[in-house]
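Sending over a structure as structure tokens; questions will come in a sec.
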Amino acid sequence: KANNNTSPAPGGSANAPAGKKINAVFYVNGTLGDKGFFDSAQRGMVKAGKELGINVKSVEGGTNQADWAAGLESLVSSKKYDVVVVGTSQMIDIVKDIAARYPDEKFIFFDDVIEGMPNVYSMLYSQSEGSFLAGAFAALVTENTELKAANPDKVIGFVGGMDIPIINDFKAGYEQGAHYIDPGVKVVASYIGDFANAPKGKELALSQFNTQKADIVYQVAGGAGLGALEASKNVGKYSIGVDGNQNPLYPGNVLTSMAKNIDASVVRALGLYQQGTLAFGTNEVLGLKEGGIGLSKDDLYAKYVPKSIQDKMTDIENKLASGEIQVKSILK
Amino acid sequence: MKTEKAIYLELAGIAFAIVIALLCGFAVILATSAEPFTALSSLIVDPVSNLFNIGTILNKAVPLIFTGLSLAVVFQSGVFSMGAEGQLYAGGFLGALVAVNIHGLPAWIHFPLILVCAMAGGALFAGIAGWLKAYWNANEVVTTLMLNFVAILATSYFVNNVFKDPASGGYARMPYISPDLLLKKPIPGFPAHTGFVLALLAVVVVYLLLYKTKVGYELRLVGKNSRFADYGGIHTNRVIISSIMIGGALAGLAGIVEILGVHGTYKDNFSAGLGFDGIIIALLARNHPVGVLIAALFYAYIQVGAQTMQVGSDMPREVAVIIQVMLVLLVSSQAIFAFLKQKYATRQKAVK
Amino acid sequence: MWQALWTQIADLTLIVVLLRLMTPILLSALGGLISDIAGVINIGLEGLMLLSAFTSIAVGAATDSWVIGTIAGVAASVAMCYVMGFFSIKLKVDIIIAGFAVNIFGSGFTVFLMSKIYGLTGNYSPENLNPIPNVVIPGIQDIPVLGKLLSGHNLMVWISLIAVVFCFVLLYRTPYGVHLRSVGEAPAAAKSLGIPVGRVQYSALAWSGVFSGLAGAYMSMGMTSMFVKDMTAGTGFLALAVVLLGNRNPVGIFFGSLIFGLASAVTTIVQTTPGSQVPSQFIQMIPYVVTIVALVIFAVRKKRKLLTQAS
Amino acid sequence: MTILLEMKDIHKVYPNGTAANRGVDLTVYEGEIHALVGENGAGKSTLMKILFGLEAPTSGTIEYKGKPVSFKGPKDAIEQGMGMVHQHFMLAPSLSVSENIVLGEEPKKGPLSMFRDRATERRGIVKLIETYGLKVDPDARVETIPVGQKQRVEILKVLYRGARLIILDEPTAVLTPQETDELFASIKALVGQGYTIIFITHKLREVMEISNRVTVIKAGKTIATLNTKETNPEQISRLMVGREVLFRVEKQPAEPKEPVLSIRDLHSVDDKGAPALRGISLDIRAGEVVGIAGVEGNGQTELVEAITGLRRATSGSIRYLDKELVGKSVANIRAMKIGHVPEDRQTTGASLTSTIAENLILDHYRNPEFKRGPFLNKKKIKQFAKVMMEIFDVRAQNEEVLAGSLSGGNLQKVVIARELSKNPKLLIASQPTRGVDIGAIEFIHREIIKRRDGGAAVLLVSAELSEVMALSDRIAVIYEGEIVAVLDNTPELTEENIGYYMLGLGKKHREKEGAAQ
């Protein structure tokens, strides 16, 4: 459902100067490692640098929101870079403003939609769709009888970084997925308060496991959420990672991850740009079908997840892709 | 005549400290960079090499000037508050509410009203800590640190739930404030907004308040010797509460000016530690308003330098930050100043 | 909610959680205490903990020994304290500025090291880390109440409790402790008796390095088995508050940490109880509000004590 | 006699440029009591700090026991057998007496001598206290003991370290006459045992009483060293001040008029809440000086604080002219032309980190005369400060100098100037000349009498009985929070007469029912 709803860029002008090595820069509106998707985008940049042979650089703007507009503009106005990669909904207004004032500069924008700017290409990942899968998966796990650590209580956990819309969008998808399987599944949600306090993330998950009888927890809390994953290992229960494939962190405990494939999409976009075919002025929602999001199904998944659940998930994924299942995002 | 010399000495000390700091920074750069000279020039020269960066420095300095002033006032009354961060949120929040939700007022009434409400928000919130200290004898360091969390969490709740712009997407904010209420950028191509003028005004007002008025006299006296103030019939408790509240009002201004000048509306978690930076600014300035102005500009300059260094060279953010820290440490080294003064004094003696 | 709380108090889960949460605060508060008593209050606890958290897990993973890891973490933290001392004592940089500098440095430098050494930016979780062990007491373990109360806690929990006693003895039963107190309270007097004020202050800072080093090691190798950028998330500042809440003595600090830990443990329970109508932000406020209330009660009682002594 | 110590041509310039010593010579013989005198700020303390290793001299040599020495710090001096009792207490208030005494040289025990040996410590101190008769409670926290005992702790500190040369920098400034006598007895005993004492004081009576020789310093230079037996106070003071100093206070008989202050049955409590004033009744009339005599700690401080509003009265009344003072705020009381020179100028009477001008306008900054619109009138204030400094002979570069950098005498003049500048109808002066040099004492005494003659009522509180007797027209003796006697200061009145009441041996009420003549 790639909805190229904006008219194509005028004359496809938006393309790489031929013959010259492309300079791409990633402006991080925060610091790397803060939340998983910056790291993921960063991986994409590195990969693009290697595979496509372009010059890549990343500049961290820091956590002070007030710096971001000036930080991004200083990159753009330096004219050193052909294309700027930048993302998150917090940057929408800033990018719109700067893109309008520097019409010759190109922007690849990820994690949200910018419409109507002829020099911006944007990609949105449907995190609610991905979280729907995670929720369905968790519900299947908690009711499963093959998994040793699954208990009869129909309780699943959610550990969020902060009680803010973007995180609650994950939560909403998660709940929809769980209730799609069984409306009787109870979702326990707790918030850490930041994205760094791993011990607290662990403590909350432990409490969900030990006293709320949850047997699987979905973390959406960046670095802090790693604590929740570790908790699942300590008590021998299950968890679901986020942003990238976190299955290998605690094999057998982290059963799957809801990965936003920002890295792949960044590489793809830069590749298209290099070839001169990236459609600036348009945006794409990268859902399950487009490979923008999805559960990580690696060897570990194959090894630890019961066949019955795997099959059921494939089934649900098909229904999602075909549009038979519609996930409501609270952000729209 | 004597004070003039003292000022020269002070300036010489600063220059000396900066030179040492740069040498240290240079050593770090040499050790970690493949292009040390580019790195150094992007740290030192780039921030002032174009109007854009200069404007950025000014914009960054604005909230620091306000929080620095806020803490300078409080510190001068002998109270060690760490609460500017929370007060900034409280004030910014209230100011933004008034900006967003009141319609139909002419801007020349609405704008001052916003500022007044921001000041009131900061002051009232600060008043809690003041009241706890003055009448319950509760240590202000603890209460202000804790109240910061309370303010941040409470405002976060309200902006995420009650006052959220439905269009705000993944990160909550209030609806955008009408452009005619925002701080303008009067010079085309120069990103500085008029908040800097407000900050300068605040420096002057705080200076006058502290050094030229009855309130300032009482406030400083309580800070210097509260027993003497008691003996002189000054109501120390009242003075402490009012100084904390004045500080709160200034912190509230820091918040609203940042909102009106940079963010355009109240955004969740917008401050990122401006209140804590204010502590460093006030201490660097030895709690003098004019010093605050200079220290804030210096601090903003090296912050922008850290950013331009990252953009213009191979230095990662962390190293840039470390150099920034070294600059602050060396410039605030009293020993360097004392050393110069002593040198000077003994030379004078020798001349006699 | 109340019921959940009650069952967890009854089955001692609350105590277990409390001990876990209280340990890092208690340890770093003891560090803050010693520096504060010597008149060099250390605002940099946060940065020191981060530094130690990273160093200890890095070394611990490389050597496969939590002992060496912890020692390395403490050493890094102590070394940082000496640098801080150099700036504040020798170059006379305001101790608060120096402390903030340490915080900024600790946050930045650990990330820098992480990216240089492992090529990672956000977090580091070594695969088979040998973490600081839990102490299981064989005989007691199976006794119903006593078992849960005494057995199975992390070694660092016990170390933190021993540290309270240690600090008490250090401050009140050794000559060095008297020197520390005199240097903080009356530096001129101490100097006039030939006590090397600067050196004592250096050593006090070093002690704060030792304890925040232990706290940091516990966070990355005991509470969790990972380092996450900025994972201390304000613990150092809470510790600072606890120093003052605890009336600047080890026993008071123990109770201060206890109050804070208890409030945090209760918060954890409330936060994970489904069906609570209270917004999460207000639940997260609990420990901070409780601290203020405790402080006020404490101050009022102190005042009243003075008055009752009078009549 | 052998020379123990010889300091030659000592110069000292402080980092801020103050030249405190500009060529001081000092020779001390073994076993003598050597008095060091000079005006406030002459450089006495500085010289002693140099000797003790606390300050490094800018130039000059020190020979001790025949060998040149240069101390890097007090530790070296202590090792060489020197001990110093500083002008201002060098005590850690929250530590116990014994902890303060042994600080730095604690008896140790345990493995690696890690622990304090508190038993040995206690025993040692108890013995020390007995040997020298300096009574203090070794377990009390220093912040809870009276000043006299603090001074004893300081001396015990020195003795504990086995010092043979003891420097006493104005040890008697804060002592009561009784305490001074006890101290002198101890000092004499020490000299008997071969100790050598350097003794700084502003009280020439003490110099004459106890010293063998006396060195006079003026403006950082040695003026003379004299044998005490061959000199007299007049000569010393002439050398010190450079002019004749009158030791008598010149005053005419008082002409008292209407009562200005009438205290009736006043009760109050001390900081710990124990009763401190138990029914004080006293009248002070315009044109007279009423002195309060009493052993320190008998309620003098509380009485003054109660009158000035700093302490709440639990019952009773204080009438000033026609107004009741009980229940009024300090600000209100200060606004009623009541001047108050507090007993401690360092902590209460002045703000050391403020400028002289800022100290001087404490009452006037509220006054519209000193304002211009919403602002303070800087020019007026400056002018006012200049005039005050001129009138009261405050010696400092200008009015912007920090009060803390003034010498004791000059600081006291600032306090007096401020309190007199409001033309008080009632002046309450507590220890007005404590630690102040003789020139300044003369000046302050004259000012007080001038005010009395101008019709002000003066309440004088002083630990110095001689001062009370010299200035007062009537003397009220306070004992355990009560006025036990009010005596007319006739020439026949002797110190013994007053001492009798001060010790609580008798009562002589005259003002019980407002029957003040």
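By letter and in written order, the chains are A, B, C and D; residue numbering begins at 1 in each of them.
The definition used in the following text is that a residue touches a chain if its C-beta (ideal position, glycine included) is under 8 Å from a C-beta of that chain, and two chains touch if they have at least 3 such contacts.
If you're wondering where the values come from, they're calculated on a predicted model, not measured in any experiment.
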Would you identify the chain whose Cα-based centre sits farthest away from the centre of chain C?
-> D
Roughly how many whole angstrom separate the Cα centroids of chain A and chain B?
-> 36
Per the C-alpha means, the centres of chain B and chain C lie apart by a whole-Å value of 29
Which integer distance in Å separates the CA centroid of chain A from that of chain D?
-> 75
Set of chain A residues in contact with two or more other chains = 31, 163, 193
Out of chain B, which residues touch more than one other chain, so two or more?
-> 153, 156-157, 160, 317, 338
Per-residue overlap in chain D, given as positions that touch at least 2 other chains | none
Give every touching pair of chains, nothing left out.
-> A-B, A-C, B-C, B-D, C-D
Which chain B residues qualify as touching chain D in the complex?
-> 2-3, 208, 212-214, 217, 220-221, 224-225, 227-235, 338, 341-342, 345-346, 348-349
Across the complex, what residues on chain A touch chain B?
-> 31, 59-67, 69-71, 73-75, 77-78, 88-90, 92-93, 112, 162-166, 169, 193, 331
Of all residues in chain B, those that touch chain C in their complex | 132, 136-139, 141-143, 145-147, 149-150, 153-154, 156-157, 160-161, 276, 279-280, 283-284, 316-319, 321-322, 324-325, 328-330, 332-336, 338
Would you mind writing out the residues of chain D in touch with chain B in their complex?
-> 13-17, 19, 58, 308-310, 329-335, 340, 342, 347-354, 358, 361-363, 365-366, 371, 374-376, 378, 397, 400
Which residues of chain C touch chain A in the complex?
-> 4, 7-8, 13, 17, 20-21, 24, 111, 120-123, 125, 219, 223-226, 228-233, 268-269, 271-274, 279-281, 284
